[in-house]
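Worksheet: the structure to be examined is printed underneath.
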Amino acid sequence: MEHTTYQTLRVSQKDAIAYVTIDNPPINILSVAVMTDLRDLLASLAGDDTVRVIVFDSADPDFFLAHVDMTATAQALAGLMADLPEGVNLFQAVGEQLRQQPQVTIVKLAGKARGGGAEFVVAADMAFAAIGPAGLGQIEALMGIVPAGGATQYLTERVGRNRALEIVLGADLYDAETAERYGWINRALPAHELDAFVDRLAGNIAALPDDVIAAAKQAIAPHNHADGLARENDVWAGLVFRPATAQLMSAGLARGAQTRDGEQDLEALFRGLPG
Amino acid sequence: MEHTTYQTLRVSQKDAIAYVTIDNPPINILSVAVMTDLRDLLASLAGDDTVRVIVFDSADPDFFLAHVDMTATAQALAGLMADLPEGVNLFQAVGEQLRQQPQVTIVKLAGKARGGGAEFVVAADMAFAAIGPAGLGQIEALMGIVPAGGATQYLTERVGRNRALEIVLGADLYDAETAERYGWINRALPAHELDAFVDRLAGNIAALPDDVIAAAKQAIAPHNHADGLARENDVWAGLVFRPATAQLMSAGLARGAQTRDGEQDLEALFRGLPG
Amino acid sequence: MEHTTYQTLRVSQKDAIAYVTIDNPPINILSVAVMTDLRDLLASLAGDDTVRVIVFDSADPDFFLAHVDMTATAQALAGLMADLPEGVNLFQAVGEQLRQQPQVTIVKLAGKARGGGAEFVVAADMAFAAIGPAGLGQIEALMGIVPAGGATQYLTERVGRNRALEIVLGADLYDAETAERYGWINRALPAHELDAFVDRLAGNIAALPDDVIAAAKQAIAPHNHADGLARENDVWAGLVFRPATAQLMSAGLARGAQTRDGEQDLEALFRGLPG
């Protein structure tokens, strides 16, 4: 692996494992820079046959990936739209790229991941979460929109339609144990065991004989969600450009969204906005 | 919401939530009247944009919906068959209508629901059940038939083929915790927390910004079960008109089925019939 | 049921239940003889309408079915390939035959089942496992291959893609409780309750009125995995004939694979082989 420098990612390699630490202070917002770095990194690693497993974690103990940056301008987002694959929007492009990655991708979730951050978790091949600090939420509904980075489809595949509706419309933060029971993540683990568990699993997979990973990923192929992703994008596009959405995001930001304090219970913050 | 009077349903509205209490003494049998009322109510609410969420519960603490009335005559059922949607039988029509409802439908399950009652639960968008009093069972097999209101398909979607076979052929009553583990319901909750949990969830969903519910339900669309429902109906129709089925139902009724006592352990009652 | 004698199976019938005990000392390896016996038995029972339920267990308390015999010669395997159904390889043929069996098939898992043994478990209609002694593992990856008896498809159907990748690439032995939480088996039970639970369930199903089993199995039909099975076979065939695979198997056998001691922690044995 060539040790390219990324603005928001710290990347290192040990044996055949790439460790990617998301590091975008102050709260690991999924900014345009993070999305750009993730797409560049995944593209770079896709051609790197010295890497078999990619483990993602976070430099921030509280936030794995807070959520998509609500202050991102259309201009800033336009850069990400320059070379989109056919049939996906700029958020879906991250998840679909991750789902098609030739390496085994593992998320070590020890903090909160909401919105686009939660979509990154669910698009990875596997996710393991720390009981206590970890949290997952698709809370886009509180801002007058729906998830637009694949969650409506990936969640339905993992947890079924009934729990997907609960997650998307209930717009709550879920703890690791509930997420495991719902099938949202692979497994919830005691927080102090998470590192060792993922290190062992990643090490075991990286040490497999040649070509086994590619064969398994071909046999257990990602489901084709093209139709659902198009439907998701269409309904989202019908909501996101309404003034009400911009007003909700502005009001949320004014109340403390995207600050460390405000993000602790972002659901209550948005629900408490004057109607 | 116009406060139409229903024979077997008590309906009220608070803010954007319709509360529907099934009230068909003595044991909340899913009679022709209840099926008629449910279909009429759902049709009426479908055009009512002041209602965003529908919460179903039961006036009977022991029975959410006992099961389809075994004493219903062909003549009584014929009324329900007058204006069936294409491709579904009269029982499937209830579940399919519920699955297509524009509102978010939530079942608060604090008693038993067997047969067609359990099918109603599983056709709703979400179901939450009280640990202890709640019970779910597809016990049609004990009467010589199979579920014919969608359960064979809806259950397979939710719990997988293996557990669906166990539920349908094992013909037992399942407690809330097992039902949650199987993915049959969204979640099992301590009985004293059920009301507050569902009230909060329904309130949060009802308070979402405009159009979010419709967008989410469009993105997380109901699976099309047309082929499976046709298969289910065909095999059921091959069994239900046999004399043995009528004899089993008569013998069950003679032993106490459709009485409060007999319904406590209806599985044992049917298994104990002289062979 | 005609009491044909099988080399590796003990078969008895009580009422409408066939009890099949796999008995292939010393460690219940899934040898060519076992595969042949299983296919013959299933074919024979398929035409036997006095049998409604088939319960599989093991004569060995430690091993339900250890895994496919690593010492099986091409010549021995060729016999199994003589009359394969279209579109499946010799291992997939066992699972597909089991999935199409007209009877209800139930696995009582009180020991370990790895590789092809685990595939047999997951191809049955239902599986119940003893907390403690039971274990399931798809550890083919440690030998440089992937599962080739349907596990990549059956597991994805049951546990989802993310957990299927974990199981196949993590190549660990899973305990009964984790297997239940993942949806890999129907249920994990205290070891001392397993017999009574399965006996009661099998008895209840066998006592159902005529034709109900056939109707339920038709309504809850096996998913058609033809495409996935072909993909699984193709990637497996690309790996299995490499010298590295033969070397790994030989080295494993030299270290104690297929002995009672070596099979206790077969994963560690293979991971400990000199690289």
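Chains here go by letter, A, B and C, matching the order in which they are written, and residues are numbered from 1 within each.
By our rule, a contact is a pair of C-beta atoms (placed from the backbone, for glycine too) under 8 Å apart; a residue touches a chain by one contact, two chains touch by 3 or more.
Here the structure is a predicted model, which means the values were calculated and not measured.
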item	value
Residue-number overlap at the chain B/chain C interface, same or different (half cut)	different
Rotation angle (°) superposing Cα atoms of chain A on chain C, nearest 5	120
Computed distance of Cα centres, chain C from chain B, in Å	36
Per-residue multi-chain contacts in chain A, two or more chains	181, 183
Residue ranges of chain C in contact with chain B within the complex	104, 125-127, 157-158, 180-181, 183, 186-187, 201, 204-205, 207-223
Touching residues on chain A, where the partner in the complex is chain B	141-147, 152-153, 155-156, 160-166, 168-172, 178, 181, 183, 228, 231-232, 235-236, 238-239, 244-245, 248, 271
